[in-house]
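Read the structure below first, then the notes.
We just call them A, B, C, D, E, F, G and H in the order they show up, numbering each chain from 1.
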């Protein structure tokens, strides 16, 4: 019996075809990788490889002379597409300007838009996020907003033209998983753009659950980069995302209050 | 970017080596398949293939002339090892006799021991299960008991010589997942034999969670055989098991009450 | 042994003194009652009596000739204070105008501010809610906004001068309880005004849990008015609120992974 | 507005009549108190008073000269009925002998039967518990077994003549609450004797939830005795038990996936 | 003169006041409020407030809710 | 002679063996087991094992389950 | 004569009774029970029950627990 | 002329350009962006864009994040 990994018959085939589209661009991998928290560029490269991610985040900070190696070169070598974020911005104004600088620096008009409400929880500031999203969409950006799990805000973000919505499962880096699956389901039910679970995933089953709820993809940073063995966790979460996606498509059995025998009752012996 | 499935570098390597042992026999696949509920022998064959299972359950019932095709031939063709069960037995006596008949019919001394307490919940009868397990171990059987999630009973079953313990996540066929992860963790902490989650899995994330709790393997029947698309769900749960296993080995990040930035605070611009 | 209800020694004393304050007004009862859903004015009167509520909601609608009895007279007879809501408003403008009409109709500048995002979920529209709250505070109203469980939005609402925040546990009338206790705790930690759980309570334990999380009060409508026996449920939830409040003040034991004997080990016999 | 505590109209009436019966004895209070963990006999006396308990547990240990004050006198003064336990017994034999000594010491044939499986979890040993229960019932005892949450074992215990079953919510003293409400519901559905939740309650909402699931009573020790303020927590849990019981009888609203307006849609203004 | 009262087209003689409109409706003496063209008309102004052609009058009363 | 085969009353001539009983049933060549009066009768003993009056014969085969 | 009282080796004169053992201990008047060699000795039998060489005496009292 | 470069007071001769400022820093050739007084200065304008007294220059580079 070959283990799951080393056989690529039909099923794998099927999986290859199950793509999704953001801003007109087709994506095969449903795991987006955040680059924050990797202990070295080597660890990052290994993590990207193991994750299978096609789209990875980067941030902008003031140059510091001491900076070793070039992150951009490593990402280019990995052949991934960059998704700049606006991490650390607490106002719509700063987020918009940061997005414009990122477009300049990375030659992409895609942006993972973050407008943070406080440093303690790093939760998004709903009104400021919506304001910044609208301005950036008008400015020609492909906007992927990091949002909370509010179904109404998700709809407003789509209404102003965001290319996807990225609700959180729980606070960034908390590893608490999906605190409110119900809201995520509501978001998915009403969304006309891809829903990407962002923030909170702690382990593979969290990622699988997100996909089973109908999310189109999952973005992970700390769960992978800060795991004891980042490359192995990258692979674990990659498989979790795929497992959840396949389960979503396979049509799970309903939950029953009582048992249902998996062995028929008829024909039982009477000794 | 190749999708998860079609690259078998080092990680896959690592996975191949991550085997476990029951009754002196080494197993590579950590997903055991129950054969009950598949709509046809063809669907069963496809499910086995997609699941990657090495060990599959069978039951015994009175012959009925009308029976079409030979289950045993299909399983032999799939190259899997049989694990007869004693489903439908409500007493230790019936379970022991059924196990002996299964040994005769399938030429194996392995048995998935079930002693059921009632037809409504199909939950095990603890004292009768322990009694039957002891008798079968003395009779030379390799006993894998289907048990509830009681850590003390699990230990008693190991004490009398069972080769593994198979606690339930929730009632057979209920698809309720893992109702009490805490007890499963306690069982895993103290067990000296493999712990195989049996019953209750409804979808891939349930299987992943079981493995993250430290289970050595997962047994699924209805979740796969009764899914709308059994073969796809078989693959989904197979990947979920592997994802959970890898995550368990990778060392997940701790759960934090507050957020932890995945983008460093230092060097933020001041516009 | 007298049952809980009929002894009013010291403990009761203590409870009487445990008041809280909204907009400068001291309140004794920590259960606010919504009047929607009661089958008759008699049922409403009985519910108010059993709930012990001091503050009850009312709404405004176009007069219909057929309307029987006077709600306002019943509420006046019950000696409760009115809290008009802006239910059914989907824009800040409508909510503000409705609040002004309520002030005119009920001679109170208190308002339970609702700005709804959609008819399906009745979830609040965060940006519109914040806008309406600010305008009403400027207009001299004592604003109690019905909000989602977003800790950042709760802070913004407090920042613009709301007298309390009323986060939901789950959607109005859904009876799903508290879907995200974590967010409610975050809201409580940072709030400088009373936090009143609004919406989602289905039964007494939900109300108790909300109070144990540190909420200052709970508002219930459907859980009471639509229960099979509203007056009994009113009493149940009233006791649940008080139980949770006392538990919060009593300092609960920590959760432990393992058992801690409640009977000492020392001095065990050896027979 | 009188606070919940100090009005004893009709509702209280109703409550007084809602008794239950164990071994032919009618009980009014649905909160049983464990005496372990109180810091002093004074604290115990205050806890009993605040809890309203009619039935409290005691244990037996070797006399130690240094023992101050008489527990039995304190309990006699409180007018409560004693329920001796067999805490610390790891075999059926020791539990049976301890029960007989307790009958001698306390002149009661009631016993809270504990047969423990290990010191780490203090979980019951199912087969040994059943054996001891049967022997004690035959010996004329009124047996209240501390059991796990296994519905089948609960039925076996009833079958051998136990006067009640006392399933755990989570391990003794762990304060983890009800880990598996589903099993507790199954136990309640099938039981013909009172079901008393024993062990695991950490706070008032846990007790309320147990009663809402249909339990007839709750036994608490550590949650009260080890709280920062035991008397206040005793009162809190007493009210939680009563709140849960009333809610159970009042018929809660169903859980709905979507919202249901508590304010009618008709007659909305159009400004 | 035509106005809308709670959405219903209603004919009134020229210069009719809010009070005139309310007279035609059986009103409770408490818990009532009136808006004309999306502006609140305080109770004290009902007698004096004359409606103009096409005015949108909303007459609201207390109901159970929330 | 009367015996029960899988619960069905069956008439056999005196001294009939397990094998004789099985002959009348279409059996797969694998995954079959037989118990007589709650005792396993190993395949090797089928030809020799004679049934007695009133014997309870259970003939079992593999089915999907578990 | 040597016996074990709550696990403690104790020397008693020959034929000592349970009552004699208890006399040496400060006992509460309620909530006490005695076992000798894993058998309950009812209160009424304390005066008459003579201990034999090597007897294991357990004297128990009520404590807070459960 | 004094300007702020990433918050650091820096002295430059009059009319210095963005490019001049960048020259003094070891820059990676990719993943860099510049803002002056909260406005983006596209790479193409670096040589020509002259700074004025008190200008706030932000020079940013790619880092791991998100």
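Here is the rule we go by: a residue touches a chain if its C-beta (ideal position, glycine included) is under 8 Å from a C-beta of that chain, and two chains touch if they have at least 3 such contacts.
Please read these numbers as outputs of a predicted model, since none were measured by experiment.
Colleague: What chains touch chain B and also chain G?
Modeller: D
Colleague: I'd like the Å distance between the centres of chain D and chain F, where a centre is the mean of that chain's Cα atoms.
Modeller: Roughly 55 Å, centre to centre.
Colleague: If you average the CA atoms of chain C and of chain E, how many Å lie between those two points?
Modeller: That gives a centre separation of 33 Å.
Colleague: Averaging only over C-alpha atoms, locate the centres of chain F and chain H and give their separation in whole Å.
Modeller: 94
Colleague: Taking each residue of chain C in turn, which ones touch at least two of the other chains?
Modeller: Where chain C meets two or more other chains at a single residue, that happens at 34, 36-37, 59-62, 85, 87, 97, 121, 123, 176, 221, 262-264, 267, 269, 271.
Colleague: Residues of chain H that contact two or more other chains, please.
Modeller: In chain H, the residues touching two or more other chains are 6-7, 35, 38, 58, 60, 63-66.
Colleague: With touch defined as at the top, which chains are paired up in contact here?
Modeller: Listed by label, chains in contact pair as A-B, A-C, A-F, A-H, B-D, B-F, B-H, C-D, C-E, C-G, D-E, D-G.
Colleague: So in the complex, which bits of chain C are touching chain E?
Modeller: Those residues of chain C that touch chain E are 34-38, 44, 57-63, 65, 67, 70-73, 76, 83, 85, 87, 97, 100-102, 104-106, 112, 114, 221.
Colleague: For the complex, which residues does chain B have touching chain A?
Modeller: Against chain A, chain B makes touches at 1-9, 11-12, 14-16, 28-29, 34, 36-37, 50, 52-54, 59-62, 64, 79-80, 85, 87-88, 93-94, 97-98, 119-123, 171-176, 202-209, 212, 221-223, 225-233, 235-240, 242-247, 249-269, 271.
Colleague: Would you mind writing out the residues of chain B in touch with chain D in their complex?
Modeller: Residue list for chain B touching chain D: 117-118, 121, 123-127, 130, 148, 150-153, 155-156, 170, 176, 179-180, 182-183, 186.
Colleague: Of all residues in chain C, which touch chain G in the complex?
Modeller: Residue positions touching the partner: 262-264, 267, 269-271.
Colleague: With touch defined as at the start, can you tell me which chain G residues reach chain C in the complex?
Modeller: 6-7, 35, 38, 56, 58, 60, 63-66
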